[in-house]
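Report on one structure; see the data block that follows.
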């Protein structure tokens, strides 16, 4: 019974609709926020368990046989991504209870959050290319609205760039889908893959691959298409930043993985070679961007870009090991980056600013926060034995074994510069004494309840980071199994199209 | 016979529509142009819908054709009124050949008050000044 | 498609071009709005002719919606003008 | 002050509103067989209310529809989501359509119809939410 | 399971603050039991190891990646582990005294113990990746230790410098290790030792070697990466004593020794190691005498020792390896002791400047004795272990196969400079006339004296009875590559060339010590030259980094949306264009059947769009867009899409209403761009348009497959119970799309509502806002 | 007709992009409108265009007699139109709020959030 | 109003009773309903004058279509011939109609009649301002407009 694949989409949709109905009831909205995301988390755990046990799961929406209806497909990568969505959603929901202002709550923060999660989960689970577009739009419009909630000047300026460039990406995607349908007459990704395989030698496949690459490259914030991200990610409330940082670009990365393993894998010498260069430049430009920043969230934002490069590199090298590395990297990164943003929010809550030059003295006053920062920060920089190390290690090993030395060098250099950035934050925010005379604290004391609400998700995510590092074997095994699936697209195709006879209504 | 009538209706409808567009292009000021559009287009559409009613003989389609006629007759004058009024009040220039304007003296552009002018009949009869109307 | 119908269609689309010319020339906003309004009315006629030509009565629904709703655009523009929007804009 | 509408517009709106709403319901209910359906019907209904809004202003519109357009959106979403569930209850994949014939009048009810009604409400509610929000802030200068 | 016992030190570290709350100042004693226990355990392995039987404790960690927690205890790792745990225990005790009452002592202990465990893990690990894991952990923990005085800018800078250099090297090391593991087909050090032949002939040998050595050199402060080590003296002295004498800096040495059997002995190996080592040796010694700060003096002399060790590994003969082991041990003992003495001086007198001290022997006689013994070993005088080490070093340099003369000269120079350093450190503060120091000096507490005293005593003891080390040294030397060895250490080898060289060095060194003050003044002339050394390079790199970063940000993330757009689109057009023309042979099947009225409608569509671009007035542009929209609706009518036509024109109408409602508030169009900009934009836009047209034509003209929609057409009525196929698709076949789509609409409505009303509500103060809890996006 | 549409759509896209590259936010929004319209047309016409055969099943029949226009792209375009409408209304209001906050129609004045 | 409602009700009743739900049958039902009401009218005060409206309506439509066609031709002639024969202007027409609906109805009819275009009603609803294209004979025009208004209002009696 694989119909429950839809649950991770329907649960947040339902939560979103319900919170919309309870628009005026703040308590109810908060209750749904926690309950809904918890349900999402549970369903995603269940889903991953099922997929792990039984292989790729497929559900034909409306009982229409593939490829005619819309198929929901949960392979390991999809299920892993959904689980991460659940984790991040739940963590951010808890965190939001303490940090989101009443104004934001009164104007739809929670419904928007649920629907963002729904869009993300939908994108991870759909097996239909146009349906993917739809979920992208759900996610996108939810993120638009979250981005502008509060109507600050910076939010508006950032949002214009964010909206415009993401819409351009959507349109490119749409054009590509239109052309693809015109060419192969189907929308089901498995069907597209099998039909294109039959058309091998038709160069249009590569042309379409380029369109998808750019469309998803924009969503993933790859070089040189990332402009929208640093322009906007530091402007909304921090819980929103954290949600975006963890999930949004990863949807782009996921889409690249999906499309370039399932559909466009026939001429890796061309398509994936371009991806290699894109990945290298993404890493480098992102990390250099961060080096020029002196604002907590801006640094983190640029680092999203550079880390995206590693993930794309895993795909681009297109060896089993590289894909393992890429998948591992995604898992690690989502947790770590979200956590860093959440921590930046706590610092902001304590000191009222994100500006490194105005911050300081946290290490002395709040050593627990310093430790909580160090775990994800060092993990991001790939310091062993945290999660980021293994992620980076596998990717680099794959790069060396694929004899891609240039990009290996970049990857190593970027690791160093990432550490530099994290250390910069550490030194400025935590070690340095606060600029205006040490321990006088003009900010209102943080209440106990608030501390628990903001610290719980941060601690939980830090524990995840530690666990992924110290107990890397299961995660690695998962990534390995997922990579095996990704590199055997025929299994995906078989799972989707092979079952079509039985579900004939 | 019906076929011939139908074609006649279609062609005349098309011609009226063409005339309407010609009028829109040629006529000298906003209000006169609006005459062309409101009537000729409505008439054109009506004629064509009559042809449609002749063509599709089922009641449902005939009813729909008449529905179109009725709806267009209901909406076209409203649109014309709204645009004409707005255009006039924001000061569209009247054609120099305009012979009279009984509205202008009764309208207060600041308060948007529009008097009937019946109390000061003299005002209502005053001669229009050609080309005026841009005094906002 | 009979020649009468084809002729009508060409005539009406040419009429659309004339309307568009007015929209392009202006000179004032109300002129353009009138042009847009006429444009939509003409489309109702064209739809009728196409419905006859293709023998597709379902197109009448398009015509009904057009007849019933298209004038809303004009109302919107008028509202803009009345609220003090510049007329030459 | 600018008046919200003129006499002619007001009368037209008062007449057109029921007509347009009726037409929108018509489009909704037979959309499965002829051009129409939830979107189109919802847009027509939204247009109808927009006309009423232009003619009589926000207060009159609010007095007439009573529920907040936002609630229409939520309700519509719940309708649409709800229509996917009966199939699940019966052990079939989500969205599998279910058809019931209402005994006396012979009307064929179905989950796709419920779904379409949800679509209708969402479209109507969304457009109205946007337009009323725009009109509200239009009121107070420089809000 | 011993692995977990060792690694449980991390847990112990985490609990140190808690322990401190319970035990107070006795915490360090308690904590020192942990390394002491490890020493005991290590000593228990001694017989087996010395008997030529390395101990291999296997344990899995991440089997999927071939990463194990296996411990390899052979001679080399036993020696290192003993030094780490043994000196570690003393350092813990010492730290308890040195930082007594310091508010950050608990945190200090956390990091120190974590460092110690990492270091143990590093030398005990058999797996390359695990080794690297601990390697990096030592970098991070030492960063935290160097920056212990974190409110001090210079401490932070020094810490960053140390970290940056060692981590940069560490990353090279990682690459090297990966190459090593891949080339050798194994991640186990034990197994790799047996595959030296294959490795040395592997095509990746040279890059692999360079990467590995970069890691080792940076960690062990080899020239030109030596500069971070003296700067790291910003750390509290226990840290210096521990990290920068006995342990961390020797990690690189350890690694090179480890790799000697697998990679050593080649031309490249010998050349690089001996030259870099010799250069480091001389540089360290030379730079040492320029300083008056006792910690800097010792730090540079450590650089010198590290260079010596590297050089010896490079020479690689059996004698050189024996010398390596002895020198290593001797250095750890005396340098540990001397650093702790330096700390005592600093702690008790309040200054680190040797020229500010004098005649302390009366105030702190025990310290004086300890310092003297350790310094004698540093100077390489009999009967201390340092003497044996130095003699063996001279001996092996004399027998070096490459660069013999150069190495000899540099070794000799280093030797006499080191003697001078030893004299400065041990004589200057304690002898001569007594000087006023910030604090009135007296003997330190026993906890602080215990360590240096024991280490100094060991230097003496082992110097007198070096035979006790024979077994261990032999085990190590065999383990690191000497084919077979028969080691007999002795204090006295008779009068030979090395002894004569030592004597000459002693004389020269003494002379320098006597004329040190004048010499320093002379050497000051060299300051500008030295200032342009490698450290300047580091600074330049850091400055350049920020400059490049800022330049890149200005160039890429410049804030102009239109630039972002143009770049994005050009990338698209470039990639697609390339694929289109080079990967694909376009076939355009341009058969066209068009009625005039259809063409006119298409023309109107274009005309509407172009007009929208040309219009000077916003509302006119909106009207033109309306024309385009209506034309599109007409196209849908003409081409059999009634549902689309209705939707299009309804949407078009509502859009116009919306735009009009909004534009009312907005300013008019202003002509903002220059003609050149417009031309550029036109080029970008046309390129995009042409691309789309070509793609469409290619798809229309190319091979096309049957549609899935045929199924929908067939089954819409029978299975979907609907006659309007489009509607059946929307609410049944693809209802999930529709569901997503209405959520998009709902979201847009919420967004619009929130955007318009949030602000309004705030403005009127109707909104309950908590101060500061909602974030402002500064 | 399709090749003619290909050219027209190309021109539409060019217009859209040109408008989006202007500095005025209003033009940006108009560009977005053109962009989504062009994309919809592309989907519609790339699938092939059929005169006078809408995808409707005649009353009393199980399937249309003969070929009909491909209904699937029509459904896709319908979805895309509505999505574009939602997105566009959001963007329109965003641009108004941006104008209210920044008090300029010039996108070049909106670069504080970058560096 | 009541009459119309009854008529509708009777029409539907007819449809239900005959069991034929087609549009033509509804038309038939409405027609028979009208006949019944026309018979009942003398007895029921609420239906006063209901039956007379239909012939009036038919007459009015005929009148209106004639006007529409003729005047359209007049405008068309002026549009296609190069010189302008028209003499446009805005005139104020005093209204007899009183209710909102009546006023709007008259105004829209006037708008649909070629050559005249209702601009607005004065705030006191006494005067309708009309833009006319052919003011050659203003009195004749005013008479025509009054006739139109009279015929239109007669539909409401």
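The first chain written gets the first letter, and so on, giving A, B, C, D, E, F and G; residue counts start at 1 in each chain.
Throughout what follows, contacts are C-beta pairs under 8 Å (C-beta built on N, C-alpha and C of every residue); 3 or more make two chains touch, one makes a residue touch a chain.
All values derive from a computational prediction rather than experimental measurement.
Contact with both subunit C and subunit G is made by B, D. The fewest steps needed to get from subunit A to subunit G, moving only between touching chains, is 2. Between subunit A and subunit F, the least number of touching-chain steps is 1.
If you average the Cα atoms of subunit C and of subunit F, the two centres end up 20 Å apart. In whole angstrom, the spacing between the mean C-alpha positions of subunit C and subunit D is 26. Centre-to-centre separation between subunit B and subunit G, using Cα means, comes to 17 Å. Centre to centre, using the average C-alpha position, subunit B and subunit D are separated by 32 Å. Shared interface positions of subunit C, defined as residues touching 2 or more other chains, are 9, 12, 14, 16-17, 33, 35, 50, 54-56, 58-59, 61-62, 64-65, 68-70, 72, 75-77, 79, 82-84. Within subunit E, residues 553, 557, 559, 561, 565, 569, 603, 618, 638, 640, 642-643, 646-647, 650-651, 653-654, 657-658, 661-665, 692, 696, 699-700, 707-709, 712, 722-724, 730, 732-739, 741-753, 755-757, 759 each touch two or more of the remaining chains. Shared contact sites, meaning residues of subunit B that touch two or more other chains, fall at 22, 34, 42, 60, 71, 74-76, 78, 80-82, 84-85, 112. You'll find the chains touch as A-D, A-E, A-F, B-C, B-D, B-G, C-D, C-E, C-F, D-E, D-F, D-G, E-F. Remark: subunit B residues 16, 19, 22-23, 26-29, 31-32, 34-36, 38-40, 42-43, 59-60, 63, 73-74, 76-78, 80-81, 84-85, 88, 94-95, 97-104, 106, 113-118, 124, 128 touch subunit G in the complex. Residue ranges of subunit F in contact with subunit A, taken from their complex: 20, 25, 28, 32, 35-36, 39, 42-43, 46-48, 72-73, 76, 79-80, 83, 86-87, 90-91, 94-95, 97-98, 101-102, 107, 110-115. Within the complex, the subunit F residues that touch subunit E are 1-30, 33-34, 37-38, 40-42, 44-47, 49-59, 61-64, 68-79, 81-90, 92-97, 99-100, 105-108, 110-115. On the side of subunit D, the complex with subunit B involves touching residues 1-3, 6, 8-9, 12, 15-16, 19. Of all residues in subunit D, those touching subunit E in their complex are 31-40, 43-44, 46-47, 50, 69-70, 73-74, 76-77, 80-81, 84, 95, 97, 99, 108, 110, 112-113, 115-116, 118-119, 122-123, 125-127, 129-131, 133-138, 140, 143.
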